[in-house]
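Heads up, there are several structures right after this.
Two complexes follow with chain A in common, the first pairing it with chain B and the second with chain C.
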Partner chain A sequence: MSTKIDARGLSCPQPVLMTLDEIKAVSGGEIEVLVDTETAKENVSRAATSQGWEVADVAEEGDAVRITIRKG
Partner chain B sequence: MRLKNVFASWGGIIGVGLLIGILAPLLQKWGNPGNMGICVACFERDIAGALGLHRAGVVQYIRPEIIGFVLGSLIAAYLFKEFRPRLGSAPIVRFVLGAFAMIGALVFLGCPWRAALRLAGGDGNAILGILGLIFGIWIGTLFLKNGYNLGRTQATDTAAGWMLPLMMLGLLALLIIFPQIEGQDKNGVLFYSLKGPGAMHAPLLISLVIGLTVGFLAQRSRFCTMGAIRDFLLFRQTHLLMGFVALICAAFVTNLILGQFHPGFEGQPVAHTMHVWNFAGMALAGLAFALAGGCPGRQLFLSGEGDGDAAVFVLGMIVGAAFAHNFGLASSPKGVGPYGIPAVIIGIVVCLFIGFTMRKRSTP
Partner chain C sequence: MREDLAIIQTLDFFTPIVDDPYTFGQVAAANSLSDVYAMGGVPITAMNIICFPINTMKIDILREILLGGLDKMREAGVLLVGGHSVEDDELKYGLSVTGTIHPDRVLLNRGARVGDALILTKPLGTGIINTALKGHLASEALVEKAIRCMTELNKKAADLMTQFPTVHACTDVTGFGLLGHAAEMIEGSDVGMVIRSASVPVFHEIKEFVEMGIMPGGLNRNRKFRMEMVDIGPNCLPWLVDVFFDPQTSGGLLIAMPSKEAEVLVNKMHDKGIQDAAVIGEVVTEPKGKIIVS
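Showing the complex of A and B:
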């Protein structure tokens, strides 16, 4: 069961803040983050990695990018 | 999948910071004012003066570096398929934040870029400015932690994303059609400075090429002086901070080599020694940049990527510069302007109002 975060249209640091909030709320599992800028993609991936999560998948979806991060 | 962006790595951001730190003192050597190889706020203020939006005779010049920043970022964004026209995230709020960011920066006499370059040139007053900047950004992070948000952007037409880049091309055309004539303070529609910082500039081509280079690399690396401090305070992330620190270190060493390092507080170029207002001016600027999501350089680079909201912030800064000089808000080497202190207080109140009222919305 993965949680989904829609950070499209939001500029940094919002996508990172939303991702970190979710990471704090769950101890592990899978989180999908939808972003629409390369900067947000890089920042979310960097933030997740720094929290010990792995970036499992990055898939383009139309104008957006779905980042799947995983732990445990 | 797209190619991995090498500039998004640690090496990338540090490399870009080092390069800017070398190029800025060189621009000073080639003609730009003291500790002002690059200053986004000062240069936008000079553009406002050249267009006659304010009539402070000593600060009037269409700075090619600013044009280069936007167009260099535009080129990078197109090359790497990152040009994405977008707008609609509270543009009027961004305009107001831009105006007050400029007013705060002109009370200190420099944006975060110049604060770093002033420090690297030995100007002790910059310490107060940088402390103020950190304080202002820290206030901004408190708002961010409590749900402050300017809302989502919408995708828009390509033409909208081109507006600021086109304005920059227009400014470049004016600069070429109406070049500076020796001893004259006006040619055609453009005003020029005969003395003061506005009269000091590197040759057009050098300024433009360096501007384009920095714009290109900063777009790739997401270089941001405000983000450097914000990300550290907010997430303890040091990625952008490494770039900012690299800039200061490289500028310090380059200044030493070029004989441009002069430590002290008194008599520094385009600077004053009113510590409280150096701190408070930059605190206002830092808060406004944090609430708008980027330092003045980053706002130019985002504009080049098609971000119409960042473009509105830039226009706010230019209008803010006009007010700053028309109303006597801007400082001079003698000290703060006659109305600089109330302007800083009003600016902080306005930013706090924005910070407390713009909240997270539940619907996307």
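Showing the complex of A and C:
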């Protein structure tokens, strides 16, 4: 089961902080992060990688981007 | 105005980057005055421009901001001669500054020549620190260091620089980041640049933020806009590339001048307490219009 984070409409560093909080809360699994800026997309991906998570998928959905990160 | 006297007029204002109103006033004023210093001029008078949400914010905050600004103007020897305030939902503050300069001695942000060394006078990373501060991630010590850097006037650096008539170009490093402003310096000209990443003064504490993706939106935009002009060598640490595109608030001067004199100027700066000043690279013949970061 994956957790979902909706970080649309939020400016940096909020999307990254929400992702890092979630990563800390769960030990592994799958997290989906919804963002709507190019910066948030890049920074969330980087945040995940820095914590040993893998960016499994980046899919555009209308004006937003769904980033799926995974561990374990 | 006269054959030997020209005036410079500038205007710059922005939204708060720190919580403390007095500090914000200082940073905004230092940032506004910097435009005149970067041209080699001497600021003489200034006017406040402030947008303030008077219905939702205490008037004390306004007072503190203006006091911070005034203290920096005093330090700069600048006379506050007026100003204008507007009611606005979002707080903004800055100055319109008038300065004087000899018309033949106006320094532009372009004109760097082959054989010039590049000097940077303040460490990079204030944009990243401000972003980390918003997320409550930056330590008090680091924030203090960044504030000291942002409130520091470029006056001393400019006073020393203007003693050298051989300075070819100067700009202050602000919103476009080091590489953005360096790119402007050589854009459309027939010279290139080498920047030695290990020589560039940076706040080293920000490495972990960069690696965690704690970066301002402007950084990505700067990188996208200028990356075509930049070649990153294998010896440049990846996190530094981001720092070199970090938008700076009240950043240091970037100076291009013949390398021998550059060494002398940097030593003088160190003597005067501008400890972070360093030669960070040089202007070269090839590759034209490109910046190599080694």
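Keep in mind that, in the parts below, the second predicted complex is superposed on the first by the 72 of 72 C-alpha atoms of A that agree within 3 Å, B and C clash if a C-alpha of one lies under 4 Å from a C-alpha of the other, contacts with A are read in each partner's own complex, and residues count from 1 in each chain.
We adopt the following convention: contacts are C-beta pairs under 8 Å (C-beta built on N, C-alpha and C of every residue); 3 or more make two chains touch, one makes a residue touch a chain.
It should be emphasised that the depicted structure is a prediction, and the values quoted were computed from it without experimental measurement.
When the two complexes are superposed, the chain touching more residues of chain A, out of chain B and chain C, is B. When the two complexes are overlaid on their common chain A, residue A:D36 makes contact with chain B while staying clear of chain C.
Legend: residue contacts after superposition of the two complexes on their common chain; A:A47 is shown touching both chain B and chain C.
With both structures placed on the common chain, the touch criterion links A:D63 to chain B but leaves chain C unconnected. When the two structures are aligned on the shared chain, A:L17 is found in touch with chain B and with chain C. Within the superposed three-chain model, A:G9 lies in touch with chain B and out of touch with chain C [touch as defined at top].
Common to the chain B and chain C contact sets on chain A are residues 11-14, 16-17, 20, 37-39, 42-43, 46-47, 50. In the complex of the two chains, the chain C residues touching chain A come out as 131-132, 134-135, 137, 211-217, 219-221. Chain A contributes residues 11-14, 16-17, 20, 37-39, 42-47, 50-51 to its touches with chain C in the complex. Here chain B touches chain A in the complex through residues 1-2, 5, 8, 80, 82, 84, 86, 89, 144-145, 149, 152-155, 222, 227, 230-231, 234-235, 237, 239, 293, 307, 364, going by the rule given at the top. If you check the complex, the residues on chain A that touch chain B are 6, 8-14, 16-17, 20, 36-39, 42-43, 46-47, 50, 58, 60, 63.
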